[in-house]
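So that you can tell them apart, the chains are marked A, B, C, D, E and F in the order they are listed, and the count of residues begins at 1 in each.
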Amino acid sequence: MSLFDLPIEQLRSYLPDRDEPADFDDFWSRTLAEAGRFDLAAEFTPYDLPLPGVEVYDVSFAGWGGHRIHGWFILPRGVQEPVPCVMHYIGYSGGRGFPKDHLLWPAAGYAVFVMETRGHGGASPGSPGVTGDPHGSADVQAPGMMTRGILDPEDYYYRRVFTDAARAVDVAAAHPAVDADRIVVSGGSQGGAIAQATAALRPAVRAALVDVPFLTHFRRAVEITDRDPYQELVRFLASRREGAEQVFRTLSYFDGLNFAARGRVPVLYSVALMDYVCPPSTVFAAHNHWQGPKEITVWPWNGHEGGSGYQTEEQVRYLHKLLAG
Amino acid sequence: MSLFDLPIEQLRSYLPDRDEPADFDDFWSRTLAEAGRFDLAAEFTPYDLPLPGVEVYDVSFAGWGGHRIHGWFILPRGVQEPVPCVMHYIGYSGGRGFPKDHLLWPAAGYAVFVMETRGHGGASPGSPGVTGDPHGSADVQAPGMMTRGILDPEDYYYRRVFTDAARAVDVAAAHPAVDADRIVVSGGSQGGAIAQATAALRPAVRAALVDVPFLTHFRRAVEITDRDPYQELVRFLASRREGAEQVFRTLSYFDGLNFAARGRVPVLYSVALMDYVCPPSTVFAAHNHWQGPKEITVWPWNGHEGGSGYQTEEQVRYLHKLLAG
Amino acid sequence: MSLFDLPIEQLRSYLPDRDEPADFDDFWSRTLAEAGRFDLAAEFTPYDLPLPGVEVYDVSFAGWGGHRIHGWFILPRGVQEPVPCVMHYIGYSGGRGFPKDHLLWPAAGYAVFVMETRGHGGASPGSPGVTGDPHGSADVQAPGMMTRGILDPEDYYYRRVFTDAARAVDVAAAHPAVDADRIVVSGGSQGGAIAQATAALRPAVRAALVDVPFLTHFRRAVEITDRDPYQELVRFLASRREGAEQVFRTLSYFDGLNFAARGRVPVLYSVALMDYVCPPSTVFAAHNHWQGPKEITVWPWNGHEGGSGYQTEEQVRYLHKLLAG
Amino acid sequence: MSLFDLPIEQLRSYLPDRDEPADFDDFWSRTLAEAGRFDLAAEFTPYDLPLPGVEVYDVSFAGWGGHRIHGWFILPRGVQEPVPCVMHYIGYSGGRGFPKDHLLWPAAGYAVFVMETRGHGGASPGSPGVTGDPHGSADVQAPGMMTRGILDPEDYYYRRVFTDAARAVDVAAAHPAVDADRIVVSGGSQGGAIAQATAALRPAVRAALVDVPFLTHFRRAVEITDRDPYQELVRFLASRREGAEQVFRTLSYFDGLNFAARGRVPVLYSVALMDYVCPPSTVFAAHNHWQGPKEITVWPWNGHEGGSGYQTEEQVRYLHKLLAG
Amino acid sequence: MSLFDLPIEQLRSYLPDRDEPADFDDFWSRTLAEAGRFDLAAEFTPYDLPLPGVEVYDVSFAGWGGHRIHGWFILPRGVQEPVPCVMHYIGYSGGRGFPKDHLLWPAAGYAVFVMETRGHGGASPGSPGVTGDPHGSADVQAPGMMTRGILDPEDYYYRRVFTDAARAVDVAAAHPAVDADRIVVSGGSQGGAIAQATAALRPAVRAALVDVPFLTHFRRAVEITDRDPYQELVRFLASRREGAEQVFRTLSYFDGLNFAARGRVPVLYSVALMDYVCPPSTVFAAHNHWQGPKEITVWPWNGHEGGSGYQTEEQVRYLHKLLAG
Amino acid sequence: MSLFDLPIEQLRSYLPDRDEPADFDDFWSRTLAEAGRFDLAAEFTPYDLPLPGVEVYDVSFAGWGGHRIHGWFILPRGVQEPVPCVMHYIGYSGGRGFPKDHLLWPAAGYAVFVMETRGHGGASPGSPGVTGDPHGSADVQAPGMMTRGILDPEDYYYRRVFTDAARAVDVAAAHPAVDADRIVVSGGSQGGAIAQATAALRPAVRAALVDVPFLTHFRRAVEITDRDPYQELVRFLASRREGAEQVFRTLSYFDGLNFAARGRVPVLYSVALMDYVCPPSTVFAAHNHWQGPKEITVWPWNGHEGGSGYQTEEQVRYLHKLLAG
């Protein structure tokens, strides 16, 4: 790995123009309103594993289109009062994994709500998933999920995912053990992009933790990186040539830059300077557009693994201070 | 490439047991009957390209579930009487490509009907496709199409594809320029598997041309090859561990061995002895189970490209003799 | 793939200096004159394949040094008057392939003359060739053909190839079914380089179709790409160190820039912005130097596959308009 | 991945001869006795992270040679009585990682003691380590740790590691919060090998959890797999040719087969049939030699990731039953 | 690397049938006789490098067809009487390199004659060559030299090479500083194959040193290895399908097995059991067919690098004993 | 390979700032003084190989910490007066190899002293080594030697190596057959770095031959290359995140730039413009900082192999002129 993007001094102040459709807010209001017609229908099924220290639930709820979205909901055992809840969204290709992978926030005294990304987790032996995407596509896609329905914002895959994510916040907020005023969205890579979007779509969340976010500053990303999953987009455009303008129009409704520009809650970003997958300029661009109180941790020698557990511990401390206050 | 499978002498007589569900024929009768409730609704749109030697149509029709399936239909210009028609099914990941790729059969005096495989062709710049698979999946899948809906034969992706293929034969048969008694199914790899299945599902076809077929003798294939696309199956099983029995039950309704055992029309197979993708034993197994008149061309020094244009010219001669007779 | 070369705005006007030897034109006049001492001795052998729609000939003629050069000559069946003829030159490592690969121009009402590139096609199972290069080399070469005889312009491999190509035009022009005033040269990659050169060496051709040409702007190519076949040159220079100046002197007689600067017939270029094999600046450099009427199709999301069938259909329309006029 | 080792039926009963030096037990008694001269000198430093649900300690103690060995010791917060303790040993190249990675056993009501493998963790951004191996080597080694000191059993790297591991059990046993009668050793790959050895060296442990163990049945392993880390051994032998006999003599003191043959406590093994790194025959060989009560979980479609979280949950249930009893 | 070929016990006695044409000896007598019509025309040019310890000559002579073949001839400085001479033939793709690479035999008191393999060395920065192969080929070839002219024994590349090698012995024998009764042929891989052949074609040589020979037992080699350069043959056969029988007929005149069966001088072979390039069974087959006094050194843990410098020192000792006697 | 670094014109004058600790000279004086307390204890054991032309000794001596360092010492046989001696240091991962690899300088009339780099040579079948690094490390390291002890200049691996190298000069100087006033240090890559350092630490040497040196201009190297071994540093920093400043502080005591700035003897550098391993700007930076008489050979078309034997012959001529004068 080497330093392939802009020098750090330029990154600090990199604030590119955003390509935002005039009806961006309308699009999302309408989308969420439509989805709102489906009852959340949340179900919390106790998970059969002898873990006296926590309460583990196999949770599901009605996401976009009323489709069942699965996840984990884990509480510290024996809490007396509503606790904060960390929403955790998953990186590309992974599923929700196992309860053992999500015990940090309960150990910190919070609930954690792990939402599966629909359709992912089918080839991820270490973190499997079970949530499908029952909305087929009338058009072809490059393998992977990034181009499913990409010719039309209404049909684009991430319209469903971001809606699922916003509704997951509602599910958490409605749970009696959760303090609805202290819900935090979080995730890395794709999960970071979802957290970033959700912070804009559910502005009542208390904070956001966004690590090396994907789906952000698409134009630049596809121009400077040749790694997956951004390359799914390039492969699609290489095959469906007539559609580039249409594709970028769709993406303008989903670009992390536009969500970041609507971010008003406290946020802790992280970025890695040798990240070939989600190049640092795309991350700084989002951070620099964010409107609320913001911090960013820079990992100069890392690739897409970013800050890894070091960053997670930063987050534990960050939330400890923020949520106690 | 090296000789990694059984020696040629053993391949010649390799006749493994088949895993066939009791209701195999019922399953397919019912499937085709259900699909039959949708009108074919075929549309032939003249394609705008100045090619005086042929008539090119952008064709579409209602496949499984009434979904629009696209393809090419190309006729030699100025034929007076109905001509034979070669159905051509496409290999994994490819779309229908361009008319220029399908001019051989018209030059031979036949019509050709090129059917897209739904969902494929999204990352194939040289042979793009446009047909989506609007039937979403309530379960996860490994990227690619091979595991979409694989936990249930009713939902499995190839149930839709094979049904599309059988109905494409009906579309061709109904065209006034086609001699419905001289329809031939053909294809290589995935296309070979589709042709093999269609010959069983539409037994009135005149012949089949099956090159290095995929989706055949699944059990052995996943045990001896580590190449895609069979590995999509392994990756799925590696992640969704509880489902192996269920997966193989589903596959038993789609295994080329079971279709080959119902093949009664003349068939010309081809096989390559260094084919790591569709190992020669899986191809011979199908050929050896075929019930009708059969020939097989063996390419000893080739991989999955098989006989390439040499085999195609074999097919031209084979059909010339067969269809003239 | 990513955007690794100059930005598109700079590419549009990129017009580098050319390194042209003073005796460039003499060199080629003399070369063609010498070759002209051999009778063309063209032979057209009907190819034995039952294709009523076309007439297929296995053609051969005396190329440079009188060596037999092989190819296909295919006519629409039953034409009454001389038709235009498209000369088709082949990309690196490929042979002429099969008649099935070359049926587009006959379907468009033209003859097509497919010339093999001597020595290529020996490891290309999908498009084999049979034409050797009987002129051995007194010097070593890097594997591949690009450095054969490269220390001396007289002995350089492409001297023979470009001469073969010019003489192939003569063979076509002499055929009674061909309208000698409407011969078009075409090809992609190496084939594009040959077409580009032939348009300069046989200025009576009617037009040129040049896709992602190789062998053009050598200096820049070897500096910015690390892909084959340009890397054959680097590997040779890495081993035969004393020879760099001599090598570039030889190449100056063969550089596409110098042929392009002599191009006076109408030309349709294509270029791909993510083409690591023949970088876009090398293609634009040639196009920008071209003297005749010119157009260029830009494929922003593609690699060396360039426009693929989309570009071919552009060419069909382009010729349709041009040759009808 | 494919099935490359023996068929499952043969694996079930595969019981190869073992190569065991006559002084195997002496060697280890002496080694542990020597190490015993160093006081354990355990230190438990509270780790500064706001995690109210657990007590996290940065632990260190004097391992082989008195060298400081680091790890995590994590307790469920607020336990009243001594709890069982799971010793967790780490796979090749990984360090101890972060507390967040080890919260399952505390959630299950047990302590967990995570021991670093000396020298590992220096290039593992997701699970870093800090424990060096201060014992240099008077001989060369192939990069990695597998051949450090391999020409002499006294100097071999794993002599130090296995001794560290046995002493870590002593450290855990001496902690007031731990029930010394219910200590369980566990690990996967290299960690599985260490657990396997430790169960023999500290026979008072209550049980062992051994996943896809490395360092077992060396002879067969280097003959049938070409993957790292076993290939470190092959690369060393390829360079230090005179030493093969000496190398295998050394390894006979460390071969998991010889430890397994001394295993008398209950054990739960796991094995993956497509594991190219630690081939299934080497795992079954150990399991089949084990003398105590034993079970083995077979993962037919997995590689070296083995059972992953599925297997971990098996272990939770297994221990729940065993330790409650 | 792993043990992929027969077990060592079977290798020791592996004696496969040979495919030998009836006129094998005639073919070679005639070939050498034809070449004999060209005067050797050896030239020894002192090489301009200040090396007082040796005399270095840039040597050239007329090989097959009278073509100039280049090499090094190096003598210990100041020898009074004729010395033994080691002929050294080069491995695939390498050239003669530099005098510094060939100083061992002079240090041992012998002359060394390093013959370039015509056409090789063009992409080998560390051991460049300058000898071309001026005999072009009327047929295509796969890149590399292995298939040049392979459709006809008369035109096959190695006919020229083996003839060059036999004549190089004559050049050495005629040099006044060389003791013509003590000439030894040697080489590894391709060089081993050439030495093996030369020992049969020039039976007056005193001994042969044959390391991991290539071009031996072709049939088995192409069936069990997928590595270059044997794969050049497979790629050619994959493309020129009609020619397999013809190809193997040609190869029967060049197969090391047939030369080994004519080997009557003392030979020292070496073989590596993990050699994927020249599999051990092909080497043992030759050794086992050798008719003269023979030894073989087995390197159990090595790939195609074989015994490397260890084996060279074996050879120094072997010749010291043999030539002193 | 392509031109990825600065253009040649900028390289010629590239003179970056150096990061030099105030106590650089003290550090090294102290280090060498400490080592000086150990007697050199050199042993020259005649090597048992029948090579009448040279005297070969297996040499060892007490390096840093008194550890035995091994090497070859080779003399032209029968010299009457003390001869110059070339110290040869080895590239990364290689051992000393075999006497046959080091016969050039004896043929040139000089002695050669080949020093092993402690710890290297364990996975290098063609040039094995036997010298270990008995100084273990209390901290982790990335596999390879580059980060061993890197958190502290006192413990850093290259402190020991450079000290070994300086003392090897002393060993050579003390040998009766060596002219202590004509000792030359040499090496490529890591060997070049060692030679560069030794020329500063033992300023009485007569000259230095430095090829494509490693360990020079660390900051830039890790920013622009993604190749090993510089990447060992990046992988370490990616894992031990807290330590970057500490790491670069350590490296400032070992950076070739700081040694070059102390170089006062004549030096012949070489550099390759396509060297991705030791980028040309890092080499020119050192050359441009060198204070003594200097030359640099530029290899424009080569990667890390640099000038190979061509450069070695340059060196023979360079020393011939220099040492004769």
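Criterion: a residue touches a chain if its C-beta (ideal position, glycine included) is under 8 Å from a C-beta of that chain, and two chains touch if they have at least 3 such contacts.
Since the structure is predicted, the reported quantities are computational estimates derived from the model, not experimental observations.
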item: Contact-graph distance - origin chain D, target chain F; value: 1
item: Minimal step count in the chain contact network, chain E to chain F; value: 1
item: Selected pair, greater C-beta contact count between A-F and A-D; value: A-D
item: Pair from B-E, C-E or E-F with over half of its contact pairs in common with D-F; value: C-E
item: Between chain C and chain A, distance of the C-alpha-averaged centres to the nearest whole Å; value: 50
item: Chain B-chain F separation of Cα centroids, rounded to whole Å; value: 63
item: Centroid distance [mean C-alpha coordinates] between chain B and chain A, Å; value: 39
item: Set of chain D residues in contact with two or more other chains; value: 125, 238, 241, 302, 305, 310
item: Pairwise touch network: line, ring, star, complete, or other; value: other
item: Pairwise chain contacts, counting only pairs that touch as defined; value: A-B, A-C, A-D, A-F, B-C, B-D, B-E, C-E, C-F, D-E, D-F, E-F
item: Complex contact set, residues of chain F against chain D; value: 67-68, 93, 95, 119-125, 128-144, 147, 232, 235-236, 238-241
item: Chain F partner contacts - residues on chain C that touch it in the complex; value: 222-226, 231, 234, 237-238, 241, 244
item: Residue ranges of chain E touching chain F (in the complex, touch as defined); value: 49-54, 76, 97-101, 103-104, 106-109, 125-127, 302, 305, 308-310, 312-313, 316-317, 320
item: Complex interface listing, chain E residues touching chain D; value: 1-3, 274, 299-303, 305, 307, 310
